[in-house]
Each structure stands twice: as structure tokens, then as C-alpha cells.
Amino acid sequence: MTEPLIEPQHIQCENLDQMDQVWTRPETLIDRKLHYCPGCGHSVAHRLIMETIDELNIQETTIGVAPVGCSVFAYHYMDIDMQEAAHGRATAVATGIKRVLPDRIVFTYQGDGDLAAIGTAETIHTINRGENIVIIFVNNGIYGMTGGQMAPTTLPGFVTSTSPNGRDTHTMGYPLKMAEMISVLPGAYYVTRQAVHSAKSVRKAKKATLKAFQYQMDGKGGTSFVEIVSNCPSGWKMTPVESNQYLDDEIFDFYTLGDIKLPPKE
Amino acid sequence: MSEKLLMKGNEALAEAAIRAGLKGYFGYPITPQSELLEYLSHHLNNRGGSFLQAESELAAINMVYGAAGAGVRTMTSTSSPGYSLMQEGVSYIACAEIPCLLVNVVRGGPGLGTIQPSQGDYFQAVKGGGHGDYKLIVLAPDSVQEMADFVYLGFDLADKYLMPVLILTDGALGQMMEPVTFPDYDVEKNKVDHSSWATTGKLTSRSQNVITSLHIEAEKMEDINIHLQKKYKTIQENEVRYEAINTEEADIIIVAFGLVARVAHKAMENANKKGLKVGMIRPITLFPFPTEILLTLSEKVDQFLVVEMNAGQMVEDVRLAVNGKIPVDFYGRMGGVIPQPSEIVDKLIQMDSSKTHSK
Amino acid sequence: MNKEIVIAGFGGQGVLSMGMTFAYAGMVENLEVAWMPSYGPEMRGGTANCVVILSDQKISSPIINEFDTAIILNQPSMEKFESMVKPNGEILFEASTILSPPTRNDIRQYKLPANAAAQSLNNKRIMNMIILGAFTQLNPILHDTSIMTALKKVLPERHHHLLPINEKALHRGKELIYR
Amino acid sequence: MAKIKGHVTIRTENCKGCDLCVHECPQDSLQLSTALNTSGYPYAVLVNDTCTGCTNCALVCPEAVITVFREGKKKPIAILSHVTENITVDITS
């Protein structure tokens, strides 16, 4: 016989009005229920970018480019002018915007299928031209939107709906390390790999995002590339907590976190 | 009016684009349109615009999407195989209702084909081209002068109807030189305010501008389609352009567009010298198609002859317009071969005599 | 007046620019003109040709396969274009490069030692101007002043110091016909 | 060292019960509800008063439903930002 469930009660605070509000959602993040699955890193990444835009006070000058993938509706949450790109073409669209409006802040938000498979050519050539934009690359090793198929970034052995026995590198190739690949391009100004699975990693990722946008505002270098290694609880068939644990246990060994290319010292 | 210059069609088109206030050009080399790309690479950046050679036609059309979405005059140009690659982006742009100018300097296909002039891309141009129900306004110049003139017209129509306008020309018109003069065109006066929808940065004084072709609810998507179809109907009612020659006394009417219209014109002259009564309709807008004039003429003349550099594409639209009232014959050359006036005259003589026999 | 001309040779002989000079000069004289090149891979080192139409009426078709005049600068072009000259038309050809001259007898033939003449003026590149001179002597439709105005437009500015030698070549070409 | 006292408020209607905040909280101050919100998810609740306002929960919260408060050691009297001309501040209150 199971014990009757006891509903935990939310502790109230009587002198809340005398306390300092030390954290709340950024204003530029539109107050709307997100469509992402519970525990999805996309939501955190969205929030980080909006925090960055608020802190740099660049809402009026920023134009975002949304991709195809789970984050196809990014403009539902980001209260800035945005364009929805075709699959893989986000950096081409961003190039177009930046070339005719060079004083605006332009960024793309892309997943791994978008940036590292169908849009590989656009990614490489945009960065090789050193377009002064920010690329936010959310890498969760899977095609989330279409139902959990193998992505170019899926780890060897990982089971997906199109690699039912695990990714076999003999027939399906190896996962692409996009950040390392593009870091050798002269047009890449700042390349970093971050995560948003813990408070500590979120703090670091935020700093990286701030830097990337700041570099664009300074207009000194080329493309800033922020990879965010994220989870996909639904696609990975794990709970959010398990998926974040899996990142620590398995993924970061392959996708090492940290800065990969820093701007040259002045 | 500028002085008279001797220019290639591709160069005249490029020069006109700069004079029409072009701000963003994105393109990829392909014969026979490369002069366009080259001309703009020399001149656009120091005349107020931004030129970029993209890594592919796919990237180029999406750069157009981005830049045109920022509310400035933007264009790309390519030739047949490249235009096929662009279709994805064109469909997105049509749905998102972004004005821009596209140029297809058509060459012989299918496949890699030849680099000689062709009209094999007619269907692709006027029936949409990419996925989904959409149309482009399609302008078909027949001279270097019109290559220039239709740039201004194209940008103005694009701005008016918020859609891509396609200049459908061919390798020969792109490569040949003829005298051209550029009209006085006031860029500022013709500027359309796109601030209500363009992504230029969300000012606090307005809500966000989003450019998208994604509308996940079927009903919403149907509304968008209804809106687009309404727009195309308005265009069909208001923007038909064509040239009519010798139609009053004619027994046979030739229908031809672009370069072939000039060959057909020569054929018409030669046939009339031989005593035939031949007139001509040259559609200038391929969409909207000049259906009405063809229907009206079908009451007066005996036969139509459609001449094209393809296997017979526009002839279907002529037959639809005429609706079975009179015979619509076809003469075409394919793969990059240009018909000679004499071939068309032979065809006209054959048509004329078969009519006499049947009487 | 309606003059349909083909100029053919190999790439680098100045075939296309000779045609352009024709067309530009025609425009200066307020004629209707069209210049249509061969283009693409066949331009890369192979034969090159262009068609020029000069007319006092609107040019309906720039696409033609019969010519009033053919200016032929190499043997393959002779083989290609001899048959496309209208009866009573003319062929102007460079003497040294054509091994087998035209065989038709319903056309006028002008064998021009243009290369030798260019050598005697110490500038091999003005051969096409010499031929242009010969053409205008035979067909007085373009004035020398119009041709020189045209040449100024066709030649890049850095080559404008060559205008006097080109003018000389034009007259030299006329003299070839006098003889 | 006395602990800083903190507090969180949670917009439970937008919470999806992913449990990340519960695991991230160093004070074990959060739990998931057994009841469900109108979307059908359990939601995070603050179950004790050990919160220090460290913001860890808010940082990992995908839905951005957590607002964090903290008792300040010294409260600022006024925050001046973007001052472009001389102004007078009334500090009597």
C-alpha cells in the first residue's frame, strides 16, 4: 500500500518587498510559454541571448536569423526583428542583412542539422569571409524537430531513429567537430564551446555570449562562433536530469568545453 | 536622359540596376550572365551598394532574402542551372512577400545543357518554379534597351506588390551589344517605405518585425494563400504589357517573346513581302500573360503561330487564352538553337496554304 | 541601307573589338546597330566571331545566317563562313593566313596583305584597323571621323596614345583597295 | 558566517516540471509538486527557508519562471544610471 502523496507547500516570504530582486527573466524574452520539451537547453540558450541583448542595450539594432529545426520559432520568444531562414541558409541570410545594414548587430541561431549538415557550405564560407556576425550553434547531437534522427554531430555508437544500432562510423562516418574545424579559418575571430546544463556552465556561456556580441559591436574582427553543447531529453530518451548527467559523463569527453580560438591580443 | 552608349545586354542591365538604387547584389558566376556579376563587382561598391560573390546560387538567393528583408533594393542574377538551385529561396521570398529583382539569363537545357540562348525556362518562370502556389511578375525584354528599362520597371513593381520580379532573358540578349540610353530616374522619388515590415532593428516605438514563410496552422496558411492569389489577380488585371504589330489586317498572328520575337518580326516582314497577311503579338509580361488580347484577336484572325526557343511552353498559355476558337500552331528550336527568319517564313507559308486547301 | 557583317578569326586577333568599333562608329553616325559575339568555351583560344549589323532602320533580328560581308582572318573561319555570304556579297580575307582562298565565283573577293602592311607600320596589332579601312573604302557607310570617335570608346584610355597609329592604319587599309 | 537569506518566486503555470532546478539547488530548497498545473506538468515549489538567493535554480531553468530575491547587506538609496545633467536626489526617505 502506497503512502498518500503530500503536496509540498511553497514557502511564502513576508518581507519580499524589502528584498532585492537579484534575478528575473530578461525583458527581451517575450513572455510566452516556450514550445520546447521540458528541460531543453534551447530555452536556456534563447534566454542567454536575450539577457545579452538587454545588457548591451542593443534591442533596437539587433536582427536575428532563425533556422529550421526545433528553434524555427525563435522569433516567438525573442522580441527583436527576425527573419526565418530556409534550412541551412541562416548565415547566408545574415550575410545579406549585415552587408546592407553594416551598423546593425546580426546573429544566427542554428542547430546541428542546420549548421553542420545541410548548411555546411554556407557556414564555412560565411566564416571564411569573416562576416562580422555572431553564430550561435546549439549542438545536441540529434535532429530534434523531425523526431530524433542521426545528426552530423551524433557520437559514435549513439542510438537514434536512423542509427537504430548506434552510429556505426564505418558506414555513417564520424561526428563533425564544427568549432575546431572552423577555428582554422582566418575569418573566425572568436570560437568557443560552452554548455548550459548547470548553473556554473550557464554563467560561463553567458560571458562567452556577451563577448561574442561585444566583438561584433566593436567591429574589429570576423565571425564570432558560440557553440552550445546541449541536451535533447526527448530525442535521447532520457529525463532532463539524466540527459544533463549524460553530457557530463559522455559528451564533453568528445566535445571539450572552453575557448577554441581567441581574438588576437592587441 | 543619358547619352547613347553601346553596351552588352548584361552590362546595360547591371548599370540600370545601380541607377535604380541597387543596394545589395549577391550572385555566383555562370555563363552567359557573368558580365552582370563582373560589372557590378567593379561598380556597385563605390556607387552606394554592396556587392558580394556568394559561394553558390543557393547562398546567393538567401543573401537576397536577408538583404531584401532589410528593406533595400536587392537583386541577384544567374543562368538556368543556377536558377534551378535558387528555387527554394524564391519560394520562401514569394511567401514572405519580400520585393527583389531576379534575373535569369536563360541557356539551353535540360541539365548542364549548352550556354547558347534558350527559352526552356518559361514554365519554371511563369508557373512559379519552386514549391507551393506562387507567381512572380515575369518581364521579357527583347533588346538591350529593354534589358535596362525593365530593371526600373521590375524594381518598381516589386516594391508595389511586395514580391520578386523576374527578368527572363537569354544568353544572346545578355551578350549582344546595342545602343542604350538610361532614363532619368529619381531613386529617392521612387523609394517605397518598407519600415512597417522590414527587419531593421526593433524600435521601442513598434512591435517586432518578423519575416517568415512558416505558418504552422493550416487555416492561417490558407489565409496567406488566399491573400497571395488575390494579389496575383490584381496583377493580372492591372499589369499586362504586350506589343501588338500589324494585327489589324492579319490572317495569321505570330506570338513570340524575347529574342525570338525579333526573329519572328523579321519573318513577319518577309512573309508580308510575299503577300501573306501576318501580324504579331509580343508578350512583355509573361506573368501576367496577355490573355485578353489573344482572345479578342481569335475572333478576327484565322490562325496563331507561337514561336519559341523550346519544345512548346508558352504555346500552352496561348491555347488556354484562345480556348479552342482557332488553330494554334507551334514552331520551335531547342537546346540553344535560334530559329532563323527563313524557317518561320516557311512555316507561315505552309500554314497559309493548308488553310487555303481546307477552304 | 542594311549591312550584315561577320568578322571571324581566332581569339586574340581583335575580332571582337573590330566588330565593336564597327558598331560604335555606326552608332556615332546615328545608324541602328547590333553586335553579337560568339561566346563561351569556343572563345577560349579557339575561333572567335562576331556579327555586326548596321542599318538605317530598326534591326528586327540580330540572328542571321547570311551575310553581306565576311571578314575572315583564319582558315577554319573561311571554311565555316564562305558559304554563308549572300550572292553578290563580299569576302575580305587576310592574305597570309588563308591557305585556300574562296572558291565561289558569285561573290567579290578581296585578298588583303593586312599582316604585311601592319608589319611595315611596325605594329602587328593594327591589322584589324587596316582591314576596317579596306572595308570602309569598299562600303562608304562609315566616316573616318566616326571610326576614330568609336575607337576612342573601344580602346581603354591607357591605350589612347595608339590612336594616331590606328588612324594611319585606317588610311593604309584604304590604300590596299586603291591598288 | 551568517547565511544570506534568499527567496524565490515561481510562475508555476509556465513550469514544465523538468526537475533541473531541484537538482541544481545547493540547499535542497526546491521540490516538484505532486499536483499538476493546467498544462499537466508538476511544478517546482520552495519547500524550506534555507534559500540563499544563489540564483542557480534560475540559471538552469529553461522556462525562465523563477525570480530570485536576496536580502541585501546594504541597500542602495538610489541607483543612478545614464545621468546626463545635474539632478537633485531626495535622500530623506
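Labels A, B, C and D are assigned to the chains in the order they are written; within every chain, residues are numbered from 1.
As a working rule, a contact is a pair of C-beta atoms (placed from the backbone, for glycine too) under 8 Å apart; a residue touches a chain by one contact, two chains touch by 3 or more.
Please read all numbers here as calculations on a predicted model, not as lab measurements.
Two chain pairs, A-D and B-C, are weighed by contacting C-beta pairs, with A-D ahead. Mean C-alpha position of chain A lies 24 Å from that of chain D. Chain geometry summary: the mean Cα position of chain B and that of chain D are 60 Å apart.
Distance between chain centres (mean CA atoms), chain C to chain D: 86 Å. Distance between chain centres (mean CA atoms), chain B to chain C: 34 Å. Chain contacts: chain C has no residue touching two or more partner chains. Listed by label, the pairs of touching chains are A-B, A-D, B-C. Only residues 5-11, 13, 16, 18-26, 29, 33-34, 36-44, 47, 196-199, 202-203, 233, 239-241, 244 of chain A touch chain D when the two sit together in their complex.
Of all the residues in chain B, the ones that touch chain C in their complex are 4, 6, 31-32, 115-116, 171-172, 175-179, 259, 262-263, 265-267, 269, 338-341.
The part of chain C that touches chain B in the complex is made up of residues 20, 23-24, 27, 32-37, 39-41, 59-65, 153.
Only residues 5-7, 9-10, 12, 14, 16-20, 23-24, 31-35, 39, 41, 45-49, 53-72, 75 of chain D touch chain A when the two sit together in their complex.
On the chain A side of its complex with chain B, the touching residues are 59-63, 65-66, 72-73, 75, 78-86, 89, 92-97, 99-101, 104, 121-122, 125.
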